[in-house]
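Chain naming follows the written order as A, B and C, and within any one chain the residues start at number 1.
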Amino acid sequence: MSTAASTQPAPARSEWLQPHRIVLIAIAAALVLSAALFMRWEWLPRYYDLALLGIWRTIWILVVTVTLGFMLAVPLGLAQAAGPFWLAWPAKAFCTVIRGTPLLLQLWLLYYGLGSLFPQFPWIRQSELWPILRQAWPYAVVALTLSYAAYEGEVMRGAFAGVPRGQLEAARAFGMSPWKRFRRIWLPQAIHRALPTLAGETVLQLKATPLVATITVIDIYAVASRVRQDTFIVYEPLLLLALIYLIITGILVFGFRKLEAKIPSRLG
Amino acid sequence: MLAISPPGWGANLLRGLANSIQIAVGAFGLGLAIGIAGAWGKLYGSPIVRDLMEVYTTVVRAVPELVLILLLYYAGTDLINRALDGLGYAPVDISGLVAGIGVLGIVQGAYATEVIRGAILAIPQGQIEAARAYGMPPGKMLRRITLPAMLPFAIPGLANLWLIATKDTALLAVVGFNELTQETRQAGATTKAYFTFFVAAGVLYLLLTLFSNVIIGRIERWARRGMPPIAETGR
Amino acid sequence: MKALLATAALALVLGLSAGNASAQAIKVGMAPEPYPPFASPDASGKWSGWEMDMIEALCAEAKLQCEVTMTAWDGLIPALNSKKIDAIINSMSITDERKKSIDFSDKYYNTPAGIIGAKDAKFEATPEGLKGKIIGVQVSTVHEAYAKKHFADVASEIKIYQTQDEAQADLAAGRVDAVQADSLSLATFLGTDAGKACCDMKGDVAEDVEILGPGVGIGLRQGDTELKDKFNAAIKSLRDSGKYAEIAKKYFDFDIYGK
């Protein structure tokens, strides 16, 4: 747990390294050391390769679903902010339904719910898509993508609505076509407005990834469960797992902060 | 199949829903208590208290709820019983309900701490200074000035937390607690009609959310009488 | 003096009865997943099946007040060791791997492990027959261990499910080609509409006592010999009195106790 300190922003060194902090860090280091020495870690080498694979899968799912989800969130936000009612209404309904039900339930509905319908439609198994449909990861990707799209779509709605009217009017006065207006003025400004929420939403998405383990996708959480179920060692794999998530979160937060710093923040 | 009385499974789903709501209410309440204490500690506590609270909120907000639930569910009760054993007391029996409320409450507490801290910081400084100038003791100031004044700023965030609490109860299905998602899974497994039951449970969760939204809207309007609107927060 | 004696006697009696009462009430852990014919819930939420009847009979015989406590399957052993429950009566096979963490009573039943698969696929429950197949098993079961040892090299994948039922659901959906599990539980699944429609029995797997173990026992904390002795005595007297056969007859037409 000691690494929590390292994920925090570090102000000036002298200010940060106060005497009580040194004591706290020493205590944390002692805790980590005693955990390393007195807890059971002999299972680690056996699961090392599997753990790396699990971390890779977790990150892969995170990146793919965040990317796809964001691409879906833009039209969802736009439809709600400026679309005609027959676009705005379904978009709003979609966001409400996804945000109003637990992701775990959505995941199980997609995987086991749809799966239970397959026997009634034999042609599905003959179709070209079957080799993909019979695997678990497409369902995980779809469920997580939809979830991210709904939450971020809500953010994008606010972002689109928040772009100052004057900007859009000026673009029109320049004689820009509607598409160009959208591409050059509206979308970049909306994304810029949504950027600060992206980091938070992406961390939340990371925290949602372990749910895919319940539909047989082997991510890092599933690997830790494996260890627990094989060896009946409970705490050590879970503690290490928590540490791994802390590190990934730390990297994400750090990366987004760098990204935000790169983009000029003066607006309108 | 969804009929209320057997052989329909409707009653099971409703019982699961009642359990879910019970946990959500308990966890939200506990989270609120932790949040108030945590925000107080972060704002006015000693440097050590502040750092510890920072570690708590950072860790809880960075580690998946599912991992925390497993960790606290197994380790939490074990540690409590070991501590009691060490002090010479008989081990207590921690029911799934209490464990669920405790675990989700600790998770909620971290988010609530941040929400309430932000809300307290949003109170115009003059109000607090005025209270200090009147010589109010800290407890009274919390009760009479800080809590009522921060309420309109905290409500949108807290409302969001309530919605998260109702949905997070589903995670307890993974440790085998009989809330709505677990009941649904059982009904689906026994009848093989997974699709029907998962959709039905989805509708129940959605109704709970929509109903909550109506209530929240009322509370918000009441708490924000005469104030400008506040932007929504994330999940 | 008399009063003192009386008080001491009273304290002794109270102490004894309190000791008895606390020893009699135990928590029996069970996973809240349908596992027919051993345990499955009905629409009113009541659990029934052969194993539920056995829990009742065993506890009555051992004069224990048993309260069934639901815990996820993969959390049963941790729950036992952290004293959330006192015994596991949930068709848990006695294996050397598990014996490192917990203790077992004598076996109370033993059935062979079988494999089922889609009707239109013709294969046998042997490594050759399962070549290139996807096999579904439930997590931390003897079947998972067995499939990993005997089929891992030939099968294209071994998929691991949290519950037995989900493995069967995925077999019906066509996501796995074969499911290995307890043959009785599989037979019950094949008796349901969903089972009849999709699958049939491919046969029992070859014996491997090292992995499949001597049978199913009651899981107990290591060192809890008092409870172990009680349950062992209860199993023996149920067998001797014919009560065991009487309960089994309600569900099976053969001796589930095994050899």
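To be clear about the criterion, a contact is a pair of C-beta atoms (placed from the backbone, for glycine too) under 8 Å apart; a residue touches a chain by one contact, two chains touch by 3 or more.
No experiment lies behind these values; they were computed from the predicted model shown.
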Topology of the chain contact graph, where touching chains are joined (line, ring, star, complete, other): complete
Chain pair, most C-beta pairs within the contact cut-off: A-B
From chain B, the most remote chain by mean C-alpha position: C
Separation of mean Cα positions, chain B and chain A [Å, integer]: 21
Centre-to-centre distance between chain C and chain A (centres being mean Cα positions), rounded to whole Å: 38
Chain centre separation (chain B, chain C; CA means) in Å: 36
In chain A, residues with contacts to at least two other chains: 112, 115-116, 214, 234
Sequence positions of chain B contacting 2 or more other chains: 74, 174, 192, 194
Where chain C touches two or more other chains at once, by residue number: 78, 82, 166, 169, 172, 194
Touch list for chain A against partner chain C, complex: 112, 115-116, 118-119, 125, 130, 134-136, 214, 216, 225, 228-230, 232, 234
Residue numbers on chain A that touch chain B, as the complex places them: 1, 4-5, 7-8, 18, 20-21, 24, 96-97, 99-106, 108-109, 112-117, 151, 154-155, 158, 197, 200-201, 203-204, 206-211, 214, 221, 224, 234-235, 238-239, 241-242, 245-246, 249-250
Parts of chain B lying in touch with chain A, wherever the complex brings them together: 47-48, 51-52, 54-55, 58-59, 61-68, 70-71, 74-75, 163, 167-171, 173-174, 181, 184-185, 188, 192-195, 198-199, 201-202, 205-206, 208-210, 231-232, 234-235
Chain A partner contacts - residues on chain C that touch it in the complex: 74, 77-78, 81-82, 98, 100-102, 139-140, 159-162, 166, 169-170, 172-175, 194, 197-198
Residue ranges of chain B in contact with chain C within the complex: 6-9, 11-12, 15, 73-74, 77-78, 81, 91, 94, 96, 174-178, 182, 186-187, 189-190, 192, 194
